[in-house]
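Consider the two complexes below, in which chain A is the common component and chain B and chain C are the respective partners.
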Partner chain A sequence: MEWTAETWEFVGRYLGAGFALGMGGIGAAVGMGMAAGKANEAMMRQPQQQSVVLRTMLIGQAVGGSPSIFALVIGLLILFKSSSASLAGPEFAAAVIAAGLSIGLGCFGSGLGCGWPGGSGCEGVARNPRRATSVSSSMIIGQAVAQSPSIFATVVALILLFVPVSATGYAAFGICLGAGVAMGAGALGPGIGSGTTAGGAVHGSSRWPRSQAATLRTMLIAQAVSQTPAIFGMLVAFIMLFAMRDLEGDIIGFAKTFGAGVAVGFGGVGPGIGSGTAGEFACRVTAARPRTDALILRTMLIGQAVSQSTAIYSLIIALVLLYVV
Partner chain B sequence: MDPAALLSILNTVVGQAAEQAAISGADVIKAGALIGAGICMGFGAIGPGVGEGFAAGKACEAIGRNPQEAGLLTRTMLIGQAVSESTGIYSLVVALLMLFVVAA
Partner chain C sequence: MEGIGERLIWHYVPGMDAAIPMGGLNVLTVLNTLVVMAVLFSLAYLAVRKFAMVPGRAQYVVEMYVGAFDGLVTSSLELESRQQNRRFFALIGALFMFLVLSNLMGFFPTHYFEEPTADINCTLGLGTMGMIIATFCALRVKGLGGYLEELAGPMWSQEGATGGALIAGKLSAVFFFPLNVVGELAKIVSISFRLFGNIIGGGIIIVVVSHLVYNFSWLAVGLDVFFIFFVGTVQAFVFTMLTLTYIAVAIK
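Now for the complex of A and B:
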């Protein structure tokens, strides 16, 4: 069989849809399993609360499953996308594979992250069934924020699919793949981290309901800090997609853009997860001891700022790759 | 494998993809150093980020239990994080070496 432009397009469609649904499904599936596991534990301890636990589990799973639905939609768009005059052959393959990487890795993190608040929510309503509404609402707020990295990843995947890259030659491949990895891997850590923070907050506010307002405030601040690496990833992806028109089309142009994408994308995984862990402990202890909340918030922010330093090094290396070398 | 043979295979596969001029050996070395710098900093940043966040979380927990010792606990947290940061700084140094010494 001859290797033609059409062959490249089929390779791209199948690989891109595979990355999108393969990786995008894992996180949501594990997250929903975590919620179901905790629901079983809660029902075992308080069998008389089974109906309220089941309802909370289903709400948590429905919200936590939405990243996998984003992945399904983008995966189907990739699978049935037809080539056009401006996007065909190997360039088409690079764009759809990159869209698959962006949505697959991005939805992995958010889907997994939503498992922690889902599980804590089931435990919380069983422990404190009279406050089931307020526990479920903290759970849904936490999960909604944990999903924003997957929404960033969806936006970048749609841009990759529908806006042709202006650079030529190897640089076009580098820009597509680099932007996909920067956004996808960049959203992975923040999705998981925002989820663990929300898990700690739901646990704390169901156990100590009187300090719910302080706990939710700490949760939202911690989640916002934890999402900085996803914003760095989106920034670098947009720079590459829209501001690299006069990049040379040789293999050096490919290396610069792909290297920048890997640096800022994977560089954000650790700081995202780490800031989320700091937030989880801070939310639990704020709920238990609300009188020390200002001191805890200060320590959490100092610790998170130090944890973010490696994400900033990665951003610097990515910008040096794009603009200096 | 013979490097020249590898280069000719690379030229056939990617050359067909982009319909571009042939790639020279010097270009491959420079491109490798640039991608290597990205991989080095990207993956090198994972460990310090997770570790420092964990230290910060445990410090918050300890301060909640014993707020009088907040100064001591914050200082210990920062010392621990500074040590954990060292591998991130090694990655940064190696990435900068690859960008400005190897690829230059």
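Now for the complex of A and C:
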């Protein structure tokens, strides 16, 4: 059977939509389930607060489930967006599959991560019903910031869908798939890590509500640092999409770019999760002892910097692959 | 829609057909930065015009802002004199105000009002400035030798170590030193690209969503408000706090 441009288009669309929704829905579903489970436990402890807990659970699930909505939107775009003349055939298939990979992997992390603050929010609201608004507002802030990696992944997916790639042949495959994996896997770890940090911060601000300002500050900084691998993934994706010149058009070009994408993408999973764990404990301790928050912040940042070193190695290898060899 | 890719790399000069090459100047970004500076200067002038012992509403807001940031800087840096804390407070307070107003400039839907922070040159410049300040403070406090010793890793300086352990400690610097140097450069990349990515990402998402759901324009407006106000403020705060923390880590 001969592969015409139409065949490539169908292959690309169907595979891309499959990746987008298949992987993108996992994280949000698990996260929303975590929130529901914790809400039930909270209702068991405080049956009179059930309406407040239910409301907080629904809000937490709605905000935490938005990465799967991003995945749905990108999946629908992949299926129904008309292919323009400048992007057709194999390059279209590569770009569309890469968009699906980017959004699928990227929304997995953020969706899963947003389950922790959702659960801690329900717990905290039951434990401290007088501070319900401040606890749920810190939950929403934590979840919103934890979704930044999935927003980056959405941006890269949209760029892959709408901007034609300036290379041909195998190199185009490599650029698109490499950018998709770089952003998608690079957003996986940080999504989970930012979520665990937010969970710890919401727990802390419900148990020690007077130090909420210091807790939120530590949470924002910890989330920002643990999202560094997602930034590196986005950087490499942008470099591959916009700043690659004189790339060999054959299988070597594909190997270089796809290898760089896999390096920076999967190299960011570990640091994201690890830095998030550091941030979770830092937030809890800052809430308990807000006067030592400068010392805690410094220790946390130094620890997170060391844990990010593998992400830096991956970035170095990716840049060496793209520019040196 | 197809212009999304071009916007990321360079801006077009309004009214001209040519694109500004890499070595040139992004005129639109510079103009928007000047607008932000004009707004900040006029706010500053209006704020200090009338000082009363019992503050009115505007003076109260200004004092609240100054007090909050002064407390933040003092608790982070813990320097000896109030004078030294004031110097860093000026930098941090101005940085936060500049970033918040820059990010909020995207609120105006006209064609030429864009956030200057949506240009990677602006954010890279601010990030480099922050790290240069932090490095310079570290050099001043610890001296060149002390700074390099700190970069050489935790096992470099050992008191009372014998032959084997001492040599192993010194040799570990071969491993740690390049790692730490790259880590310092990576800090610049990470804070700049985080701000750039969030702001430009919001813009791209709003363009695409408006293109898709032009019947439900309230959706695009709601997303717009979320991205510009919430994400803009949070990312400005995160950038400022990270710069402050890098300076604090450099000084201690």
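Convention: the second predicted complex is superposed on the first by the 321 of 325 C-alpha atoms of A that agree within 3 Å, B and C clash if a C-alpha of one lies under 4 Å from a C-alpha of the other, contacts with A are read in each partner's own complex, and residues count from 1 in each chain.
The working rule: a residue touches a chain if its C-beta (ideal position, glycine included) is under 8 Å from a C-beta of that chain, and two chains touch if they have at least 3 such contacts.
Bear in mind that the values here come from a model prediction, so they are computed numbers and not experimental data.
Shared-chain residue A:35: touches no atom of chain B or chain C. Touch criterion met: A:152 reaches chain C, while chain B stays clear of it. By the touch criterion defined above, A:125 reaches neither chain B nor chain C. Legend: residue contacts after superposition of the two complexes on their common chain; A:263 is shown touching chain B, with no touch to chain C. Residue contacts after overlaying the shared chain place A:198 against neither chain B nor chain C.
Comparing chain B with chain C, more residues of chain A are touched by B.
When the shared chain is aligned, chain C comes close enough to touch A:227, but chain B does not.
By the touch criterion defined above, A:309 lies against chain B and chain C together after alignment on the C-alpha atoms of chain A.
With the contact threshold set out at the top, residues 302, 308-309 of chain A are in contact with chain B in one structure and with chain C in the other. Listed in rising order, the residues of chain C touching chain A in the complex are 1-2, 4-5, 8-9, 75-76, 78, 179, 182-183, 186, 189-190, 193-194, 197-198, 200-202, 204-205, 208, 212, 230-231, 234, 237-238, 241-242, 245, 248-249, 252. Listing the residues of chain B that touch chain A in their complex gives 14, 16-18, 20-21, 23, 27-28, 30-32, 34-39, 41-61, 63-65, 67, 70, 73-74, 77-78, 81, 85, 88-89, 91-92, 95-96, 99-100, 103.
Within the complex, the chain A residues that touch chain B are 3, 8, 89-90, 169-170, 173, 185, 189, 193, 249-252, 254-256, 258-282, 284-286, 288-289, 292, 295-296, 299-300, 302-304, 306-311, 313-314, 317-318, 320-321, 324-325. Chain contact summary for the complex, chain A toward chain C: residues 73, 77, 141, 144-145, 148, 151-152, 154-155, 158-159, 162-164, 217, 220-221, 224-225, 227-228, 231-232, 234-235, 238, 241-243, 293-294, 297-298, 301-302, 305, 308-309, 312, 315-316.
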